[in-house]
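First subunit A sits with subunit B, and in the next complex the same chain sits with subunit C.
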Partner chain A sequence: MTAVASSNRASRARIFLRHETILAAMLVVALFGLGLFNDRFLTIDNLLNQGRLMTEIGLIALPMTFVIVTGGIDVSVGAIVGLCAIVLGYSWKNLGFPLPLAIVFTLVVGAAAGLANGLVITRIKVPPIITTIATLTLFRGLAEGISQAHSVRGYPDWFYFLGQGDVFGVPTQLLVLFLAIIVFGVALDRTTFGRTLYAIGSNETAARFSALPVERVKLAAYTLSGLMASLSALVLVSRVTTTRSDMGMGYELDAIAAVVLGGTSIFGGSGTIWGTVIGAVMIQLLKNGLALTGVKGDATIMVIGVVLIASVLIASSLQRRRV
Partner chain B sequence: MRSYLLTTAAAAALALAMNTGASAAGWDGADDLPTSPLACDASAPAAPAAKPYDGGKAVNAPDKAGKEISVVDVPKLIGIGYFNATSKGIADAAKDLGNVKVKTDGPTEAKIDEQIKFIDNYITSGVDGILFAANDPVAIAPVLKKALSKGIHVVGYDANSTPDAREWFVNQAEFNGIAKAMMDSMAKEAGEDAAFGIVTSTFTTPNQARWIAEMQAYGAKCHPKMKWLETVEAQEDNVLSFNQATTLLNKYGDKIKGLFGMTSVATPAGAEAVTKAGLCGKVAEVGLATPNAMKPYVHSGCVKSVVLWNPIDLGYAAMYVMRAVVDGKLKAGDASVDAGKLGKLNVVNGSEILLGAPYIYSKDNIDKFDF
Partner chain C sequence: MSTIALSGASSARAPFWRRLSSQEMLLAVAIVGLALVVGLVNPRFLSANNLADILLGNAYIAVAAIGMSMVIITGNIDISVGALIGVLATVSGSLAVAGAPIAVTWLAPLVFGMLVMGLQGAIVAYVGIPAIVVTLGMLSILRGGLISVTGGKWITDLPDAFHLADIEIFGFIPMPVAIMVVATILAAVWMRWWPLGRAIYATGGNPEAARLSGVSPRRTLVLVFVLHGFFAGVAALLFATQLRVIQSTTPSGLEFTIITASVVGGVSILGGVGTVVGSTLAAILIAEITSALVFINISPFWTHALQGALILATVIADIERRRRRLAGAIR
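And then the complex of A and B:
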């Protein structure tokens, strides 16, 4: 009797103490706290606008969750964004592709870049961090080499719908992000593919002995990472109306920060898409709320850093208690 | 380390793209624009053909003429000497005006999307005016247009946006003005028949390519006996710039009398190369650079003139232009604007305010600047 009660209490406590739950609570508190300081923060207009601005990072953070859940990492995504932006502009302007074809081509190049990462990691067995640091410089170098420091501008108006338009008042790219969140969330939570990701991250050797398609699944995760980076590039180019080879620089760190803040263990094996989404929203709204309250840019970065450290501390102390 | 790797990868990619063979013949500025060399003497440039106002307009901006306004200054990035100087100029002007509250805020790295987010946030928080120095002329345009549509006045300085995305732009120096100052300084120091080399970033970097094209046009017109030996690329890399400058000095030996540095990295590196080669006084180093980097060489006498504009004045002028726009004292079609201690500044190119002739830093004045 007492045993049942205590285990009941433990499971209730566990739900309450889940990282995502705590983070969500922190987010709500921070939202209202910042809302009290500034009456322009908690407005539909501002929140939707922030959604528009966070989409590019959000799209990258979703597959990044997959990659980190397997115990890997992909720091080349920012460079893939730059490369894909240039590929879009170059194939449209210089190679004369019609824009829809250039868009498809860009997505293919992004996926191929991710696939290349995956192949080096799974076939040649180079650790993910080393592989993607190397391809980061390679992709960024390619972007700079192809573009020759020229930017491509003057896209047709319909293309700006993705980055600047809205549907029933909701920014177009935010809808794309919602859709991606659902797809990625379901894939991680409800499918064999998702469970394989967790299995690889928890114990890759065990996963292999369980006859799970370890290599194939990892390959898929890195390819998705590249594909979503190219989608992010399309959204970014459409929003800022030009392509530059330095686009997406540093995106990898923002995306990884969102994933880790969302409770995904950097060692793999645990984490959720919902956590990542809360993490990304939290970083974006903290930056925005602090800026609106009059905190300067350099101080904002410090606050974000402190929040990150605090959340990691909370997460690791919780994990210890769970064991 | 990362930037080194990046440079290496970029260089490899460059080679792959088979684009290393750019020749020095026919500098076109990489932008298909015509050159317009200034007159050889110091006479004021002929008034450029009046161009109609092509800037944008703040929609239904509240009338705050003479009232206190709050302005935010978003430079390319914060925390570097150059933009500290513009920011100081802006603050000085705000103090002189007495009815402006201004603050400088921006990204810590020159990233286009970070800068866009800063401006976006200030639009939401509700300011009366935005001063900016664009990281990219086109990428920044949508957010500036949004500011204009919300009745916020927008004035640029240092680095322009597309004209219709802002009301006015304070232009620190026109390309032909810089070219004239560079060529005249070189002719004065190295002689009218001097042979010279140039160290630049890349042949296609927009500003540098444009300056070189203008230098060629102005040189042909006003210093026809000077001999153009070679132009070399050195990215904006310290070590590479030093090596390229040393190579030029060795390759042309006694023939080379002058060395131009086209970037704020290449000029001090060139001065260092001249110093190390023991050629001070024999080879003149002239170039664009910030004062702090050049102080040792100017004090040692190895470098006599450093060409740049005065960024404090640039910020000062930008703030005065903003105030004049809010007060309705600067309207489309006006020919000049009052800029406090700087006097009257002229409108050029439709919707730009010209700061004036470039500033030449020398032994006498360089210590007054700290950036």
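And then the complex of A and C:
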């Protein structure tokens, strides 16, 4: 009987101690805290604008959650953003593709880049971190080589709808992000594919012996990562109206920070899309809130580093106590 | 006794032809071969000036790759080192401009580097957080901190005595090259024959086996990170003193260039295997390739693409070779 009582209490405590719950509470506190400090912070305009800025990282962080849940990592996504931005500009301006075709081509290149990562990881069994470090250099190098440091500007007006327009007052890309969140959230939580991701992350050998398509699912996760990075590149180019080879630099860090902050274990096997979304919102609001209180942009990178390490330290000490 | 057990594995004399095909030998042949081929296309590549420039401009990468190799051999990775080198160079330069004694300006980056890396090593070893996450966080902290403190300004008006890289030993060997060679040899000898050095391989090869044979994997890991911080400090010093100014940013992707040097140099990413002689040779080869591109009229904007392709090819070859060896051993 006491066992039942204590397990009951434990499960109640677990809901409170769940990473997402703690994070959501912190988010609410941070929102009001920052709102008290600065009256420009808690305005609809500012929050919508922050959503606009958050989308590029958010789109990458979603598939990154999948990848990290399998126990992998993908640090090449920022470079894929750069490569895709260049591919868009180059194929439109230099190769003379019509812009819609160039957009499709960009998405294909992004998916192909992710697929290449996946193939090296699943077929040749090179550890994900090393594979994507190598392809990070390769993709960024291709972007630099193709562009030869020339930027592309002057896209037609309709293209800017994605990055600067709005639908009933909501930024276009934020709607895209909402849609992606729902698709990724349902896929991870409610489909065989999603459950397979968890199975691979918690015990790959067991997953393989259970006849789960381990390689194919991992391949899909990395391909999605590349595809979403190219979508992020489209949003980014449309927002800033220009194409440069250094675009998306460091995005991988923000995306990974959002995922880890959102409670996904870096060892794989656990994590949720909702956590990642809260993590991404948290990072964006921290950046914005700090910027509004007069902290310069570069110092906010520093805060993200501290928050990342601190959250992992706290999470690991909480887990240890639970065991 | 454990020393014998640890060094026994690789001390068996390999036949001459086998040693020829070792990674170090391959790299040495590639360095000479590439120099000759590019020299045929454009003789100016082989001028003493250019060859010296290649070594001088990249000695700091080779030095940093020594520590990185040790870290990778233990089965970990560090992506904060590029940002750390930038911070240490700025610390050293600021001290010099503020009028601190030269010895202090030279020692400060070493000590500070050891502290930062030691802290990261301790978190990795004792809290059990993967090195990739810890160093990712530290990368943000260091990079953000550096730019927000310096505001992107370059440090100028450095005192003449500060320029360590200007010293020439015996009047003709430039200091950076001497440091690169001596550090590589010392580290190689230490890792090859000292018990503590062997412990690095033992920790990376099989931490549990290492523990059972009396090596503390955790303490070894912290030691390796501290040493890595020391070499990062030396690298920062070479970086800071090679020009008359210190830029507030290091070359983008510096950490990846350093990792590339280690991996192309034959350090296995799965841990337990590799030498610092290999990583130093690889650093020279990469620098040579970058310089060669200019001399055969290929746009330098392709450098990173080539570097990426090179590291990918090396890693794939490394994994395939191991698999074949493993398959052979089982058969």
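The rule we apply is simple: the second predicted complex is superposed on the first by the 316 of 323 C-alpha atoms of A that agree within 3 Å, B and C clash if a C-alpha of one lies under 4 Å from a C-alpha of the other, contacts with A are read in each partner's own complex, and residues count from 1 in each chain.
Heads up, the rule we're going with is that a contact is a pair of C-beta atoms (placed from the backbone, for glycine too) under 8 Å apart; a residue touches a chain by one contact, two chains touch by 3 or more.
Just so we're clear, the structure is a prediction, and the values are computed from it rather than from any experiment.
Visitor: Give one word, clash or fit, describing how subunit B and subunit C relate on subunit A after superposing.
Guide: They clash: once the shared chain is superposed, the two partners overlap in space.
Visitor: For A:138, decide between first (touching subunit B), second (touching subunit C), both and neither.
Guide: both
Visitor: Let me test your reading of the model: by the given contact rule, A:21 touches which partner, first (subunit B), second (subunit C), both or neither?
Guide: After superposition on chain A, A:21 lies in contact with neither partner.
Visitor: Is A:127 touching anything from subunit B or subunit C once the two structures are fitted on A? First, second, both or neither.
Guide: Second partner only.
Visitor: Who does A:270 touch here: subunit B (first), subunit C (second), both, or neither?
Guide: Touch status of A:270: no partner.
Visitor: In the superposed arrangement, does A:301 touch subunit B (first), subunit C (second), both or neither?
Guide: Touch status of A:301: both partners.
Visitor: Kindly classify A:247 by the partners it touches after superposition: subunit B alone (first), subunit C alone (second), both, or neither?
Guide: first
Visitor: Determine, under the contact definition given at the top, whether A:73 touches first (subunit B), second (subunit C), both, or neither.
Guide: Once the two structures are laid over each other on A, A:73 reaches subunit C alone.
Visitor: Which partner does A:239 reach: the first (subunit B), the second (subunit C), both, or neither?
Guide: first
Visitor: So, does A:148 touch the first partner subunit B, the second partner subunit C, both, or neither?
Guide: both
Visitor: Between 76-84, 112-120, 148-156 or 166-174, work out which stretch of subunit C sticks into subunit B after superposition.
Guide: 148-156
Visitor: Taking the stated contact definition, name every residue in subunit A that is touched by subunit B in one complex and by subunit C in the other, in rising order.
Guide: 137-138, 140-142, 144-145, 148-149, 246, 249, 296, 298, 301
Visitor: Can you check the complex and tell me which residues of subunit C touch subunit A?
Guide: The contact residues of subunit C facing subunit A are 77, 79, 123, 127-130, 132-134, 136-145, 147-148, 252-253, 256, 259-260, 263, 269-270, 299, 301-309, 311-312, 315-316, 319-320, 323.
Visitor: Considering only the defined contacts, which subunit B positions touch subunit A in the complex?
Guide: 2, 5-6, 8-14, 16-17, 19, 30, 78-79, 103, 105-109, 111-113, 116-118, 120-122, 124-126, 136, 138-142, 202, 204-206
Visitor: What does subunit A use to touch subunit C in their complex?
Guide: 73, 75, 120, 124-127, 129-131, 133-142, 144-145, 147-149, 246, 249, 253, 256-257, 260, 266-267, 296, 298-306, 308-309, 312-313, 316
Visitor: Show which residues of subunit A lie in contact with subunit B when the two form their complex.
Guide: 38, 40, 45-46, 49, 53, 56, 137-138, 140-142, 144-146, 148-151, 153, 164, 236, 239-242, 244, 246-247, 249-250, 287-288, 291-292, 294, 296-298, 301
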